[in-house]
Amino acid sequence: MEFTVSQVAEVLRGTTEGDATQKIDRLAKIEEAQPGSLSFLANLKYEPHLYTTGASAVIVSRDLVLRQPVTAALIRVDDPYSSFTTLLEFYQQATRTGRRGVEEPAFLGAGSEVGEGHYRGAFSYVGENCKIGRDVLIFPHAYIGDRCRIGDGTIIYAGAKLYPDTVVGARCVIHAGAVLGSDGFGFAPQPDGSYRPIPQIGNVVLEDNVSIGANTTIDCATMGSTVIREGAKIDNLVQLAHNVEVGRHTVIASQTGISGSTKIGDFCVLAGQTGIAGHLTLANRTTVTAQSGVGKSIKEEGVFLQGAPAFNLRDSLRAQAVFRHLPDLERRLSVLERANPKPEKS
Amino acid sequence: MEFTVSQVAEVLRGTTEGDATQKIDRLAKIEEAQPGSLSFLANLKYEPHLYTTGASAVIVSRDLVLRQPVTAALIRVDDPYSSFTTLLEFYQQATRTGRRGVEEPAFLGAGSEVGEGHYRGAFSYVGENCKIGRDVLIFPHAYIGDRCRIGDGTIIYAGAKLYPDTVVGARCVIHAGAVLGSDGFGFAPQPDGSYRPIPQIGNVVLEDNVSIGANTTIDCATMGSTVIREGAKIDNLVQLAHNVEVGRHTVIASQTGISGSTKIGDFCVLAGQTGIAGHLTLANRTTVTAQSGVGKSIKEEGVFLQGAPAFNLRDSLRAQAVFRHLPDLERRLSVLERANPKPEKS
Amino acid sequence: MEFTVSQVAEVLRGTTEGDATQKIDRLAKIEEAQPGSLSFLANLKYEPHLYTTGASAVIVSRDLVLRQPVTAALIRVDDPYSSFTTLLEFYQQATRTGRRGVEEPAFLGAGSEVGEGHYRGAFSYVGENCKIGRDVLIFPHAYIGDRCRIGDGTIIYAGAKLYPDTVVGARCVIHAGAVLGSDGFGFAPQPDGSYRPIPQIGNVVLEDNVSIGANTTIDCATMGSTVIREGAKIDNLVQLAHNVEVGRHTVIASQTGISGSTKIGDFCVLAGQTGIAGHLTLANRTTVTAQSGVGKSIKEEGVFLQGAPAFNLRDSLRAQAVFRHLPDLERRLSVLERANPKPEKS
């Protein structure tokens, strides 16, 4: 795609300075921009880059007073950051999510309904008796099992897999290779030491505006539902076990694992590679730092946890600081012991 | 699916009390059940819920003596837990694993044989010269490379991938997105610091009754086989490297990684996010707690390990307990130092 | 596949001893070989196995002087290791990567070009306006989004997913289920505690000779490119976040995660389950041991890091050694305290 500076200015209701006939075909940060790029200046900390940038055009504030000559064309708008975000969203739609219609062959099972404005890519699979809303994008190789329900405007990227009976809200994004509804890891030990699978008959429910990362796995509930509440954002390669609940607007970074039946509150933040044991409850606004392991429920809101096993962040940082010079600590102890005759055993 | 209480009672050879014409369309725990649900009471600890449950019907023991009035219909059987498990298995089959036949388009390579009673979903791929047993379910987007062998009654869920020459026993379950037989991570360092791939020509062998979780990866052996023995249960997002062996009825929880050529014994339990270094042997019945890192072979059976690096559980718990108050330990040491004049250097 | 010993000898330009009409159908290590196997002896440490091996034939050096009778046929060559590697590569090509042509149905979008000598498996998907080089193998269920560019001789295994605009160099290997180009995990916090997605419009670039493991995920850049440089080898289930750069000939083992905008130098080694925080720079030839967590940039080349948080390997090993006997340390401290009267508070 290629646009002239004046075309972009028109979309943004901005005014132009400099050569508005230049062509731009990509977006870039002002400090990295090459000819052909459109950039923006919102934070005046970056103003010096304006006078040296390689960008063909830069979106700036109507108020900006230039202190040096500028080679790039300028597009003046009320709010450069917001204008640039609009362009980013437009660009993302144009390059990734703008396709509509059905590419053949695509499979649609008996009794399934798909709303208007959808895309179903080649080799996508929708099972029987599914209800799929309007403007849903189903990319190639996505698998949607029987009786799934999917809300309006949701995007299911290539090769994501929804087991039967999965429920997904509106405006969710499920990235490539994510698996929703695989069996919970439940096995009954037998007298001979072997295990018998416990049937897992529940499902996975995503509320609205949930984002699921690439190759993340979310097991179905043993009975009932594994639930991800409104607005929660889950990164790549995360594991959520059977009957887990993730609260509203909670953020879970990559490679974190949450064991069975644990409930994470609203507005929590779990950093990368964290592990949470099973059957726990974490209060709202709990924050867990990277690689921590949480083994106890947290009842107080707003706690910061660190370490494996995790405890409160301040104490954990102090203990870690001492850990680093443990050999020195031991040496100091030995010095004292040599200075003190060993006491008699009482 | 909807059944009357009396239909269910007939299947379970039970007797009914209360309104046996009520309809039930799902299974639920007695404490969470809503109208329309069938529940069960096996452990008398839960008996109080019997008198307050919202379930339309509850499976109870023939011997149970009611201590209060019950609004739910009752189905009396000899063994409520076993009866309920039968229903769960029936339900799972009805909703997930009951489909048979071939959905087109499905790919079947030259020289491949598939036994009776199978399901091959749309867009499933079976390469050349495969031997697939009876009652095997191959879901959409599953990939089975050339010359694979798969035993009777095995289920391969959507988008699971078996590289050529993979061998899978009978009654195995391979969840969505799992990869069996990717190249082992073997590279020969070259004089210039680059790496040349070492060809990986072995395969992956699963014995009978093995379960593999969603998006788990199992590399082929460099030569020979990476082997998962009978009844082993592997959770989601687990990594098993080339030439690993996992013993019989061993359980490996999510996000655990086992490095190349390590042998895990029978009846072991590896909790979540554990790491095991390469070329080790873990004796039978070894247990490793979550997030531990095992760097040495374990020769004695029945050992519990914890920590990174892991050592025996009791000592590890004690060391962790002291770790938490390391700053206090250091303060106590400083107090003693101030009370003791520094000795002359000898 | 089955060959006679003399057929193999001819390919390797070797001479035979013993029964050269024997048939061989697999390759094996000399100490594990069964009848029907071809093995090799390069390191004389293994010579005793030559006299006991079950192999039907063994590749040995022209110079080797036998010290006992051998039952296996021998193929004498100049360099047994190199000859065997040639056979391994031949075997791998014959069993895995030898297929050419198009299996239908396969999807090829408008405006896409694919070079000669390629394989496109059934249900593989190539979007619009892609440029794909010569001798590229695209296995079943692989997804290649619009405008991707792929260099000569690259292999994309089953179900790997390349989002639009991904660039892959020559002779790369992308294993099954890997995802390249999923959205970076970027969300702008809103006043009400919810998050608004930040559009992610960058891409992923792999240079030549890069290897990507099964189910590994690499996010696209927010703007610009997430870059994996020449010859880097990435194992299974690794997470590389938006705008990460991985240097030339760097090796990253399984389940490691690298947070956004971090730059890893050339010739680095990151062992399994390591975590690297965001916005860091690791100098060339940095080595990080398994399960470590790196929270600071490393400026000096050639450093070994260990621990979580990581510091230099030698100090970390010492601190870990003291950690193991912390309870003993505390006991020794208590003994000293009992021997010393508590000082007055000053």
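Going in written order, the chains are labelled A, B and C, and every chain counts its residues from 1.
The criterion applied here is as follows: contacts are C-beta pairs under 8 Å (C-beta built on N, C-alpha and C of every residue); 3 or more make two chains touch, one makes a residue touch a chain.
In this text the structure is predicted, and so the values were computed from the model without any measurement.
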item	value
Superposition of chain A upon chain C: rotation angle, C-alpha, nearest 5 degrees	120
Interface residue identity across copies chain A, chain B - same or different by half	different
Interchain centroid distance [CA atoms averaged], chain A/chain B, Å	25
Where chain B touches two or more other chains at once, by residue number	105, 123, 141, 159, 177, 215, 237, 255, 273, 308, 323, 326, 329, 333, 336, 340
Parts of chain A lying in touch with chain C, wherever the complex brings them together	27-29, 32, 85, 88-89, 91-92, 95-96, 103, 105, 121-123, 139-141, 157-159, 173, 175-177, 209, 211, 213-215, 231, 233, 235-237, 248-249, 251, 253-255, 266-267, 272-273, 290-291, 308, 320, 323-327, 329-330, 333, 336-337, 340-343
Of chain A, residues touching chain B in the complex	105, 107, 123, 125, 141, 143, 145-147, 159, 161, 163-165, 177, 179, 182-183, 185, 187, 193-195, 197-201, 215, 217, 219, 223-224, 237, 239, 241, 255, 257, 259, 273, 275, 277, 293, 308-309, 311, 315, 318-319, 321-323, 326, 329, 332-333, 335-336, 338-340
